[in-house]
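Mind having a look at this structure? Questions to follow.
To keep things simple, chains are lettered A, B, C and D as they appear, and every chain counts its residues starting from 1.
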């Protein structure tokens, strides 16, 4: 397939995935963005900056190289969060799409600065353990290359804790909100939906039973591994 | 009526009941399944595995025998939760349909590992006492025949506590989520809806009044018995 | 206007008000009912018993006398809660319509057995003080003429506390749920909507500030009286 | 453009912004109002009093002078909250539109009598610090010129605390609810939406982590200033 056609298809997937965000209730106003990478082509496609979901068109999707520099003439400005996406793509080599939202329930956990623990199998079916919350950015990190440093603190969190991005396809940025990723834009959006839903369930679980603890590792293993990897067999 | 026609009708009921789950807000993505049994025919019909509700067709409903073995050529794979349904049908002889969901509020209680107490008549109209939460499965139970053991721990919970499945048509599986049942797929779905709604009501009731206790037995009796059994007379 | 026409119009108002309940999110399944009284005609019109809102027709509205006895041949069974409505109409002479629901947030307060305090002007615009929660019914009251005694305990609550039904057009029945009333079926439904909304606001207000107290009487007076009675002037 | 045409355009903007309130879930019944000012023309346009959103027409928008006195014959009565809007326009010279709602989550904070702290960047993108909650009005203030005094206590809050209305485009009136403002009716409505959403997020953030504190000033600065003022560059 030609490079042009492949990019056209990326634009379509990124466009549709962006539109899915408000439809799924994950985004109000313009509070979200989806991108996709094709490393062979050296191309990232991302939502344009500040465009309303109501009027956004497929042709407005922004095409950049792997550093986030514009590749097309007459391009719109890319989402300001592009620099965060670029870092995630560079450091997490097995992800092809990134989603950022301010979805209500995931933001509550990010604002609280707390890891989202695996309290049940709904969580374990997608996230193989706690979804980590990053440390706060320092004054220096915020004041210089803020969006890039947001990516850096995510990467630091995964590296320091030894978490594989393929096994925990999402993160809470402290005081900010969630990022998720996946093999495709659709899958990354789905992970945003799941992250928000388990965020809701977890906070209420803690209120019903203040002494609740994570599910045991063998249950986490069972649920995660029956859906992911080579021994996967599960479908509801 | 011919066996073929009866099975066709089961497929239609199971199909429609499955579609009702996302419509009623009880299921996101593919997080649910409904089945029906006809013991005389020796047949169970259940949702196919991992199929999206948007594209699911009636003809895709999966037909198995009472052990869960496929009966039709070119059959799709049944929902992985079939093994749980099979145990419930075998042990609870007066139920004809089973529903499993990850509905938000019922999951919160399941994750909390707490019985759902009868705090009001909304609960008592359908559930004749607390909806029990099972014990956690052991490592061995999870690692061998997990879905079957999920059925077993439900049955154990009802037997040990002397609960009749016809009087409490639902359960919370610890760390997982709700199962409900009923005389028909529609009725079992209705019980899932009610279980989720009373789960929501109960958790907030406990926060408004931290010393709240179950409604008295005479009120439980009145509400349950005016709607169920031979002296039933009630309709709103 | 002829008696027939007047009753026909009552049926239409009661029918439409009943349909408004699920549309406003106040009722799931068949968990609600609306009635209207015309004391001059000696007629009450109420929802039929157990009929689904999806299929309910205007002609199915049930016509009774002021004691709740059927007045039309081929009538459907009236809502089982009719006996409660009859008591309220008999004792509260200035109300013309009654609504019963199991709306989520009002039920939470009823189950908690707590009065709903006036924490703000949203409450005070409609309810001139706390919405009372009745005492629990006794075993004897539940086992004999339960629905009638539900009306009696509401009346007792208003009489004992010296509350005017016109000033507090609603009540929480302990362990059960809300009843509201008004000059018309529409107004009574509106009061159900408001009661549910202020129930939601109040429970979260108490969580944000655990030492919150009722608004002062002069603010209650201002808001209630600028919308009600002879000095009313307010409209948003 | 002629004065008539300019006023006609104000009516259209005010009408549409009023209709946006129920559509965005910020208003039930008639619990809200939007106005716009044109200081050069000496004109305020506001929602008519007590008119249902379902039947409201553009021609019903009410035109007054800067003191709130009617300018058009056959005018409907203006929203009773006009007097509050008039004070805000007089004292906050850089705002062109005002919105009042009883949106669920913002009212919870107003009833709790608590400032809404900046717990995250969703908040900081629009509100440059805590959204203040006013003191309670005194008996005298409520009993005389209540609506005007509601405006006065808002202004007092901003003046005493040294807050710029352009930097914190909203307020919580104690025991009552939110007012927001902006450069246009649309922008003021958007600020109402954001205020309600961050109200929801903040109350749950406090429950997940009871020791949560405001985000640091450098993060507040970064988020607010990248979207507002002369160095703004941000779009999602």
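What we mean here is this: a residue touches a chain if its C-beta (ideal position, glycine included) is under 8 Å from a C-beta of that chain, and two chains touch if they have at least 3 such contacts.
Which protein is which chain? UniProt says A, B, C, D = L-ribulose-5-phosphate 4-epimerase.
Everything numeric here is computed off the predicted structure, so don't read it as measured data.
Student: If you fit chain A onto chain D using only Cα atoms, how far does it have to rotate, to the nearest 5°?
Tutor: Rounded to 5 degrees, the superposing rotation is 90 degrees.
Student: Call it same or different for chain A and chain B: same when shared residue numbers make up over half of all numbers used at their interface.
Tutor: Since fewer than half of the residue numbers are used by both chains, the interface counts as different.
Student: Using only Cα atoms to place each chain's centre, name the chain farthest from chain B.
Tutor: It is D.
Student: Hey, how far is the Cα centre of chain B from the one of chain C, in Å?
Tutor: Computed from C-alpha means, the inter-chain centre distance equals 33 Å.
Student: Mark out which residues of chain A touch at least two other chains, giving numbers and ranges.
Tutor: 207
Student: Between the chains shown, work out who touches whom and classify the graph as line, ring, star, complete or other.
Tutor: Chain contacts: single closed ring, each chain with exactly two partners.
Student: Which two-chain combinations qualify as touching?
Tutor: Pairs flagged as touching, ordered by label: A-B, A-D, B-C, C-D.
Student: For the complex, give me every residue of chain B touching chain A.
Tutor: 28-33, 47-51, 77, 79-81, 100, 102, 104-105, 107-114, 136-137, 139, 142-143, 146, 175-177, 203, 206-207
Student: Spell out the part of chain D that touches chain A in their complex, as residue ranges.
Tutor: It comes out as residues 119-122, 190, 193-194, 197, 200-202, 204-205, 207-209, 212, 215-216, 218-219, 222, 226, 233-236.
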